[in-house]
């Protein structure tokens, strides 16, 4: 679907810029920034491909991904000061990227005959593991493990996309609906400081 | 072998609970606890499957693994306070899990025509890399790299299982013997504070 | 090419010793030192093999790699005090290892029909990701992300090797030239404290 492809490119760009900004804050050099941008944008999909046995991995089959990551690095270098005040816009695009990657990851897993329950997890992995690897490389406890409903939003998005698909909902409409759902969950989670339960004390 | 399967399930449950407890101590939320439980229990076997080219990876082929991990998370949430005093029982089950995963990992590698010396390493990877990834995600230097005879016990267990198998020892007896060996090594290592040599100073 | 093979073994040995020394500084025990030596020397090639779908991964197909890593650990234990003053010699061998792994990684990717642009990245991954995983396991922000022209030197080496190959340069001469190039870049980078651009402040 051309719509998924376009959203996929947008998601990749946003994730690459988010990775590049994190790396820049850690005082990394150009290569470090490039590697972190790459890993943030493409790491989740790469892990999914490795798990389902799709090789060579996705970014080796379409040069657009490398170009978009490089573009993200260039944008970060050129406009680093202007990017920081745009956090709100970024938050929106990041939520869209989360939804798109979750759905795209689900679709790819289904193409490789992965059973639905695992395919949903593959969607969540595609959407969140890039950010997790970024945080590990920056020597932080990954954000998605600690706060806000993030991986959960990806999980829900992929699940509903699959569910609606079973009811023969038009793919384009399904895409719009489920991505809107992911974005809504993210906005509500951040605005109302919603979180998942924790264990009180140990 | 049905015995391996039952022990494998027990090992998965214990490793999942151990991961969930570690994550809870790090103040992670439900999703973080779930991800760490998952990774601790299934990460080692997943890495083994990736290295030997078994795809899709094991946990995508039998729903029991996901269910057992989920069960481990539920148990941790429900009984977190009661679990901590059970450290001794846990230590025992963890040692059994170590032995079972090492032997199960060896067996699977052999099924994929991996030569014995590498299959033993695959056993050790299955048994220890989940805990290693857990520690990396929790931003700690992995425990198994620093202290106590742990990975070494898995290595010895897998080696002896292979050796006894060559002498046509009955598989069930072999399993009991080598797992007992692993558990014994672990108990002795902890009780007498045995450790491997280090380099004095650098 | 026998020359690549010999250099590959030298590179593996140097990387294993470098990993073992880092682990020893972190007060790890023998098994920890062995695992870090293994990961530093073979982790990059293993990741490359996983990405391109070459399985079982390389070190499972030739026992020499395990033997050389073990040899590196033994050397580190036996001569740890003598090794530290040899930093300069090490630096040289490390630079040679960087070049060899980058070229060897490129060659293996090309054998698996990976397109040239990705094969160059595979070369860089082979040469640098072992050190990156080592740093992650030692709970450090990976060195290659922060300073000195390192991954970049591997990237340039692999690129020129491919370029010269297109002009039908004799493989042996190509190898000597491009490895000399990598070593020269590394020496210049360290001597003149050359670095890649960073983002000033955020």
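Some points to look at:
Each chain gets a letter, A, B and C, in the order it is written, and its residues are counted from 1.
Throughout what follows, a residue touches a chain if its C-beta (ideal position, glycine included) is under 8 Å from a C-beta of that chain, and two chains touch if they have at least 3 such contacts.
Values in this document were obtained by computation on a predicted structure and should not be read as measured data.
At the interface between chain A and chain B, two copies of one sequence, fewer than half of the residue numbers in use appear on both sides, so the contact is built from largely different positions.
A rotation of 120 degrees, rounded to a multiple of 5, brings the CA atoms of chain B into register with those of chain C. Inter-chain spacing, taken between the CA centroids of chain A and chain B, is 30 Å. In chain A, the positions touching at least two other chains are 50, 53, 136, 139. On the chain B side of its complex with chain C, the touching residues are 50-53, 112, 114-115, 117-118, 132, 136, 139-142, 144-147, 149-152, 195-200, 202. On chain B, the positions that touch chain A within their shared complex are 21, 23-33, 35-36, 46, 50, 53, 55-57, 59-60, 63, 66, 76-77, 80-81, 84, 136-139.
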